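In structure tokens below, several structures.
You will see two complexes here that share subunit A, one where it goes with subunit B and one where it goes with subunit C.
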Partner chain A sequence: MWRPASTWAREAGAVFAKEWRSELRTRYALNTLALFAINTLVVVSASLGPLGAAPGRGGEALPVLLWLILLFAAAAGLPRSFVHEEETQTATALRLAATPSALFCGKLAYSLTLLGTLEALVTPLYLTVMSLDVARPGLLVATLAAGGFGLAAGSTLVAAIIAQAHGKATLFAVLSFPVLLPLLLLAVELTRGAFSGGPPGVALMQLLLYDGAVLTAGLMLFPSVWNP
Partner chain B sequence: MLPALSFTEVRRRFGRLAVLGGVSASVAAGEALLVTGRNGAGKSTLLRCLAGLLAPDSGTIDYREDGGPPLDAAGRRRRVGLVAPDVAFYGELTVAENLAFFARLRGLGRERGDELRRRLELPPDRPAAALSSGMRQRLRWAWALLHRPLLLLLDEPFQNLDAAGAAIARGLLAEHLAPGAGPGEAPGLAVVANPVPLEIPRVAASLDLGA
Partner chain C sequence: MKRTAATWFLWLWIAAVIVGAFLYAPLAAKFIGQSSRILFFHVPMAWASFVAFLTAGVWSLLYLFGGKRQARQPRCDRAARAAIELGLLFGVLATITGAIWARIMWGSWWNWDPRQTSIVMALVFNGAYLALRDSVEDAEKRARLAAAYATLGLVVTPFFFFVVPRITFSLHPEPVINASGQRDMETRMFQVLLASGAGFTALFFWLHDLRTRLLALADRVLEAHGASAPGDAGAAGAAVGAAAASARTSTQ
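Up next, the complex of A and B:
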């Protein structure tokens, strides 16, 4: 159903504000993401030591470890946004009141800001405990922004798909793997370039194209996934 | 043109279980259709089909407002008001915050939510999770009437309400079915589902889905 742009933006803004208000009252996702990320960070740093200070000792794995921490922290917290609506039966009220695309964008904006907060917390800590120097900080910031957007959009879409199914946790892992794999490979390659000073090549463009594709797919598929 | 609803041979199965076996009825502006039947007879399923929340396997649902073409499922979802046991609200938000959120989704200010909250004697600052079952039912009524829908779908609408709550809800239903106060304001219509017959105003027809 067609809605004027201002009404649509107001709806998306209302969903975004409601998500954060609920989150700040319950702190479920914030606590889950932060605890998971910090625990993983501590295990990695305590087991491997400051790998950045000795590049010959497996420094190639450093970008992979950073994105694994972000991926698993996101997977622990982001699927909740739609699953919670179904489990608490608030989905019916939302289906009758919200435009699907505005709902998707409001939820995506919430996931994005949540993930951005996580990245802002985890990345400096990771660089510090691993004694890493970043040769191209601008490229690292761009990769985290574009990678975070793709991770949030992909997770939000998969979360919406699995919300009405049984075995949600297993389904999330199975469905998100093919959706997020290209993103992770590109993000790792770009992060490696940011650490070592290598050029981004076409990978940054590919990552931005991936983001656009996932966002478009989300906006097109979500109404069918959300409604009968 | 006044709003009108008719549905013909609506069928719905869940796997092998045939819940709705071809039901038909119609209701005009200012009237209520009473749907009765035992538990599991398909009353809630019928209301969910009418609301656009479930797609019927076959049959037609024709709901029009303002003499326009029949609204599709997406259109009906946006327009109807639904009171049903499976409508829940955000437990961590207060009554006022829940109503304000849904009002904002519908492009409305807070005034209508505040008015309904006062009419239904709902405590504004109490989290929805802390409401009694009767107060939750009052909140469902406030939420359903928020956008002044012309079609009200009521599934066991007086469930858990005390005498005072039921009287307020009956008054709201009577107002909904009466001609509007403003010039040209159409009266609403309602489909009311309950296991046993109810005393409600302006019942024009009954549909029994099975005892």
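Up next, the complex of A and C:
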């Protein structure tokens, strides 16, 4: 059925607003994401020390650790947006209230803002405690934005799949790992370039292509995943 | 009858490939001992697992977006599942044969070579697909979610081909047709490899047909027994076994 764009945008906006309203009531995802990320960061920092200040002592691993912190924090908090709908049996009401594509975009916008908040909190903290100098701050911001978008898009679709299965928490990690790995490899490569001052090469273009591909796949597949 | 003749032809073909690999094809230069002969089995196994992955993707797309005759048909789901299972089998075999060869040539079983990384990702993906199936009870929902996940895998996989070779150093021999479009392989070796590739592709589709039919039979048995979860691997196998046992006792 054809719908005017304004109706679609209103539905997506309503889903986005509803997600944040219910999140701010409990602050479950915000607390989980932030505390998980900070705990991991403390462990990494306490065991490695200010590694960025001592070049040649394994500084190559620092971009990997940053993205692992972001990935595991996202895996701890992002699936909840769909799992919660199934647990509280509100999924049926949501099916009636919004078209699948509007719902997907509303949820994606929520995941994206949540992840953006997490990145804005964790990255400066990580750079500070590890004593890292960023040679190309613009590239780091672009990588965080593009990487965060891909992470949110992939996680949103996988979360919609696992919400309807058993063993949701473990299944999310199992299913999202093969999907998100290309993104992580690209994001780590770009972050390494941002720290050391290397050129982005084709990696940034490939990361943007990945984002586009996962977003398109999400929009096409979500109606099949969501509608019984 | 036709099927039997084709099966016999396949067996003879594979037997000829085995003989050709050991008696017709020469040994490759710069390879230790007889180790280059593993090429005629290792490469086609990896190829078959790739064909299996594509087959699963196509059947999943048909399940989700096929026309009236294809969409939401259990047979599309069974075909996709059978392809993933066989992809896992061929992938594991390719990994083991590759590791044996790597031990002989490179001195270690595992080196995170780009191709090793890629095949591990394929295995993890196939495993995740099967784990997802095991976590959903309702047959229709299971088929729908699994098809969506397989399609997502199909979209994401090409990125490995771009990314992984760039960030890791490879000792793996050049592809059969290298970057400059030249075939860098002795003619008799190339003939055996092509024949083996064709044989393994046919072997995959033969096994795929068998497995899909077996899954269809298992679904019918489960439906006849009034079970609620057709397509479930363990229950289906048990049901087929139970049906066979009851058929035997009724004829005695």
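One rule holds in what follows: the second predicted complex is superposed on the first by the 228 of 228 C-alpha atoms of A that agree within 3 Å, B and C clash if a C-alpha of one lies under 4 Å from a C-alpha of the other, contacts with A are read in each partner's own complex, and residues count from 1 in each chain.
What we mean here is this: a contact is a pair of C-beta atoms (placed from the backbone, for glycine too) under 8 Å apart; a residue touches a chain by one contact, two chains touch by 3 or more.
The structure displayed is predicted, hence computed values, not measured ones.
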item: Touched partner set for A:Val174, first subunit B, second subunit C, both or neither; value: second
item: Partner chain(s) touched by A:Arg10 [first = subunit B, second = subunit C, both, neither]; value: first
item: First, second, both or neither for A:Thr26, with subunit B first and subunit C second; value: first
item: Contacts of A:Val44 with subunit B and subunit C, given as first, second, both or neither; value: neither
item: Touching partner for A:Leu78 - first (subunit B), second (subunit C), both, neither; value: neither
item: Broader residue contact with subunit A after superposition on the shared chain, subunit B or subunit C; value: C
item: Touching partner for A:Lys18 - first (subunit B), second (subunit C), both, neither; value: first
item: Which of subunit B and subunit C A:Ala98 touches, first, second, both or neither; value: first
item: Touching partner for A:Gln89 - first (subunit B), second (subunit C), both, neither; value: first
item: Common interface positions of subunit A, toward subunit B and toward subunit C; value: 228
item: Interface residues, subunit C side, partner subunit A - complex; value: 64, 121, 124-125, 127-128, 131-132, 135-137, 140-141, 144-145, 147-149, 151-153, 155-156, 159-160, 162-164, 166-167
item: Subunit A-touching residues of subunit B, taken from the complex the two chains share; value: 51-55, 73-75, 77-78, 80, 82, 84, 86-93, 97, 101-102, 104-107, 143
item: In the complex, subunit A residues that touch subunit B; value: 1, 7, 10-11, 14-15, 18, 21-22, 25-26, 88-90, 92-93, 95-98, 223, 227-228
item: Residues of subunit A defined as touching subunit C within the complex; value: 154, 157-158, 161-162, 164-167, 171, 174-175, 177-179, 181-182, 185-186, 189, 203, 206, 209-210, 213-214, 216-217, 221, 224-225, 228
